[in-house]
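What follows are several structures.
Consider the two complexes below, in which subunit A is the common component and subunit B and subunit C are the respective partners.
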Partner chain A sequence: MIFKQIINILIVAAPYGLIYGIMALGVFITFRILDFPDLTVDGSFPLGAAIMALFIVNGFNLYIALFISFLGGITAGIITASIHNYIKVPGLLAGIITMIMLYSINIRILGGSNLQILKRKTILTNIIDLFNKTNIPEELILIIFFIIIVIIIKLLLDLFFHTDLGLTLRAMGDNTQMVLNQGINPDILKLIGVGMSNGIVALSGAFFAQYQKFADTNLGQGIIITGLASVIIGEFIIRSNKIFLITLSVVLGATIIQTVEITGRMYGAYVFLKPTDLKLIKGFLLIVILGISIILKQRKKTNKKIRTGLTL
Partner chain B sequence: MIKLRNICKIFDEGTPNENPALKNINLTIKENDFITIIGSNGAGKTTLFNVISGNMMASNGEIYIDNKNVTKHKEYKRSKYIGRIFQDPLSGTASNMTIEENMAIAHKKGLRGLKISLNHKLRKAFKEELKQLDMKLEQRLKTNVGLLSGGQRQSLTLLMTVLSGPRLLLLDEHTAALDPKNADIILSLTNKFIKEYKLTTMMITHNMHHAIEYGNRLLMMDEGEIILDISGKDKKDLTVDKLVDKFYKIKHKELESDDIRLTNED
Partner chain C sequence: MKKLLIIIFSLILIIPVFSAEKKNSKIKIGISKIVSHPALDSVEKGIKDELKEMGYNNIKYDLQNANGDINAAKMIAEKFKQDKVNVAVGIATPTAQALVGTITDIPIVFSAVTDPEGAGLVRNTQKGDANVTGVSDLTPVEQQIHMLKKIIDIKKLGIIYSSNEVNSITIAKLTKKACKMLKIKYIEATVVNSAEVKMAAESIIDRVDAIYISTDNTVVSAFSSVVDVATRRKIPIMSADPSSAAKIDVLAAYGFNYYKMGRVTGKVIAEILEGKKTIDMPTRYMTDQDSLDLLINLDVAKNLNIDIPKYIKDAATIIIENGKIINK
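Moving on to the complex of A and B:
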């Protein structure tokens, strides 16, 4: 009985976990790789959703629409990085500025505060139609599809971080002076990194709109917290310096968060929780995990001190 | 050849706190020069390096590298010609990346593309290069640099900088944060690399013995000026006593023991 309920939760949570996993990979690029706390995400996620929904409603080629969503996200990221680079606004504030501007832009794109795509053809309905004749349930088809998409994006990212450009991007988050010494303009790297991050987030938004069958300007509200929590929970379960494992941990983190969230939605009523309490709980979860990881870090440090003390 | 023409640097210009850190510096650095620079705290040594490397813009004057005026070039642009190593061993490498990744980054200068950086051939080359350090780092290519000791990290930085082939190598007290044993290792490595790769070098040091022992030319700075420029045979015959004497003659004041730390550990 309980086993069945767990399976139920997982089936509901997995697609969300995977879609948000894509978004979390984008957040991971800015927060962890570039060390650039970028809040544009709250605007670029609904931006991706809005662009996708608009093109779906107009019967545009779906795959080109997906690509345009991606480009839209990149543009948003480049705007944030430019505000930071050339007007010397701190990264955090630059992100907030773009995020607020995107709110208006998203309403323009949607022609209102939301847009339904209920009976329209989407990439997801195409995939379901493709496997119509097999007896695989729709949910499972979509979960497998999202797993494949996430793996492709994850592997492409892994590959990117092994290229010359990817390595310098990682080095910049670690030590900007080193990148400067190599004769590279860090401003350009920030444009590339923040742009790429928001492109991926917008892509995630585009899939979200198709899965939910609507796009809404408020989709992105607080999404940065979900992304950040995924990155941190991921680091909590897998500690490694290998990009392959780190990106994997981010996706796992996102899935865990969604599982917790869906559980809360389905069974929260038993403990007098409302769906609107979820953001509060998510915040608490993040604080607890951050606290634990800081304690663990400190313990590691003191252990190291004792060890080096002994060898000396 | 690197030329500095009438370089001035004034901090807080136009305020009551106006502070001239460099006063009309004229300096020609010849090919393969190894210049050691000494001077008390606040003499302008590091400011001079900052102005040369482009970390700070000169208030006045011009800088030429190979007859090219680079005065207005930003730091990252000048980095193509200049390699700089700082006192802090953490500043030259990325802690959360492996030795081979760090070396791959330093392998090229300038913005780069989407080629996979590390391959078998490059790893083999890095191993050979690391052997020169004699620290067994060639067996730890996949170790995070953050796990290395200060001395190992600084030698790695030195190797990476040297291999990037700078036209001018700036060493800003690069051994000052290390223990005496490691400092000696790094210094002899530095000397070896400079000779081997025929590098034009400027080295700031607080140790007068080192300033005298290494290099073919010695500069002494005081209050933003170069007050002594010794090279050739004079440099070879130099001793600490002679140097102190010369300084005394110029400045008519005693060298305070705190000012230039006279270390007598040979």
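Moving on to the complex of A and C:
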């Protein structure tokens, strides 16, 4: 009985975890690799959703639409990085500026504050139609589809971070001076990194709109917190400095957060929890995890003074 | 001396120009709505149509949309204050609250506000306030749940509402009360923004016989998600808003015609323009039976294997069958 309930929760939580996992991969690039606190995400997530919804409503080619959403996100990221690079605005503020500008742009794209795409053909309905005869439940088809998408994005990222450019990006977050000494312009690297990050976030937004069957300007509200929490929880579960494992941990982190959320929503009432308390619980969870990480880190330092720099 | 004379003369010349302009000047009405969705849009249209029909042809409307942003609603209120509009209209609770919080010397008419007292717009709905009156859209929750129980014998009812909208909380309380009276188990799920609606629906869908969606702006803007989840599990949805229900697959919708509520709001505005004091104008409720519409979607009923009793079909004002909308 309990087993059945757990499966049920996982089936509901998995699509959210995977879609938000894509977003978290984007957040991971800026926060962990570039060390650039980027809040553009709150705007680029609904941007991807808005572009996708607009094209769906107009019956445009869905895969080109997905690509345009991706490009839209990249543009948003490049704008943030440009504000930071050329007007010398701190990264945090640059992201906020782009984020608020995107609010207006998203309303322009949607032609209002929301757009409903129920009954429209989307990539997801196409996939479901494709496997309609196989008797696999729709939920499962979608979960498998999202797993494949996440794996593709993850593997492409893994590959990218093993190229010269990717390695330089990783180096820059740790030590800008080293990159400068190599004769590489860090400004260009930031353009590429922040652009790519927001492109991935917008892609996640595009899938989210199709999954939810609508796009809304407020979709991105506070989504950066979900992204960050995914990265932090992921790091807690899998401690590694191998990019393959780190990207995997980010997706796992996102899935765990969504599972907690769903569990809270479904069974919170039994322990007098309201859905509005979930944010408080998420906060506590993060505090505990961050606290434990720091304690573990200190213990490691005192035990083995020689080994340094590998964890976190 | 010469200069002073010139100034006095020019002032004498200017003053009549000003007063003449005041007489010919158009009536300015500022309408601020929280978000653009079919129900609120038809309130706006109802107001304009009613005033036009009453012979006000010289009204200049300033139509503003806050797009769901409470800060934007505040800015709109500031704008109306600066522009010195004759009447400021707030459609939906947050925009009306922003107007009342900002403007103290211009008559404010609220519309589509569920609980004017709870939202702090008026101290008492039996009377108006110094510069505030309006029309409440308190939906007849009890009748709606009763109607739903007549259509299908439900034992467990789910409701999804946003925990940061005052009117949604009021309706949730009324729903709970109505459920208790009708011996239905009440199950709720709350959301903070539209991104959570689908998840909220999924969290209760296995525990309910039907879902009731009221006049909640956040949930209505994500209505497709609820319909998607409910259709998959073959759970019927009852909505409180027939005007938007034709576009979205709900089994039944029972509630106000928001357009007619707009017309009533238009009448209230006209009374103020004619000089009536808001303090003498109690909050209006849409108690008129004629303004209640019942929409039944037979296509959805067929899909859910539900037989709609004949007397309900006869009572319905809008029936959707084979994709066609039949108005009675």
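Heads up, the rule we're going with is that the second predicted complex is superposed on the first by the 304 of 312 C-alpha atoms of A that agree within 3 Å, B and C clash if a C-alpha of one lies under 4 Å from a C-alpha of the other, contacts with A are read in each partner's own complex, and residues count from 1 in each chain.
The definition used in the following text is that contacts are C-beta pairs under 8 Å (C-beta built on N, C-alpha and C of every residue); 3 or more make two chains touch, one makes a residue touch a chain.
Source: prediction; values computed, not measured.
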Of subunit B and subunit C, the partner touching more residues of subunit A is C
(message) By the touch definition at the top of the document, which applies to A:113: first (subunit B), second (subunit C), both, or neither?
(response) second
Return first, second, both or neither, reflecting whether A:261 touches subunit B, subunit C, both chains, or no partner chain.
second
(message) Between subunit B and subunit C, whom does A:218 touch in the aligned arrangement: first, second, both, or neither?
(response) second
So, does A:58 touch the first partner subunit B, the second partner subunit C, both, or neither? neither
Ask   = Between subunit B (first) and subunit C (second), which does A:134 come into contact with in this model arrangement: first, second, both, or neither?
value = neither
Dual-contact residues of subunit A (subunit B, subunit C) none
The answer for subunit B against subunit A in the complex is residues 74-77, 79-80, 83-84, 86, 90-98, 101-102, 104-106, 108-118, 144, 161, 164
Contacts from subunit C onto subunit A in the complex sit at residues 35-37, 65, 67-69, 163, 189-200, 202-204, 206, 221-225, 227-228, 232, 247-249
Within the complex, subunit C is touched by subunit A residues 8, 12, 16, 103, 107, 112-114, 116-118, 138, 208, 211-214, 216-221, 223, 261-262, 265-266, 274-276, 279
The answer for subunit A against subunit B in the complex is residues 159-160, 162-168, 170-171, 174-175, 177-186, 188, 241
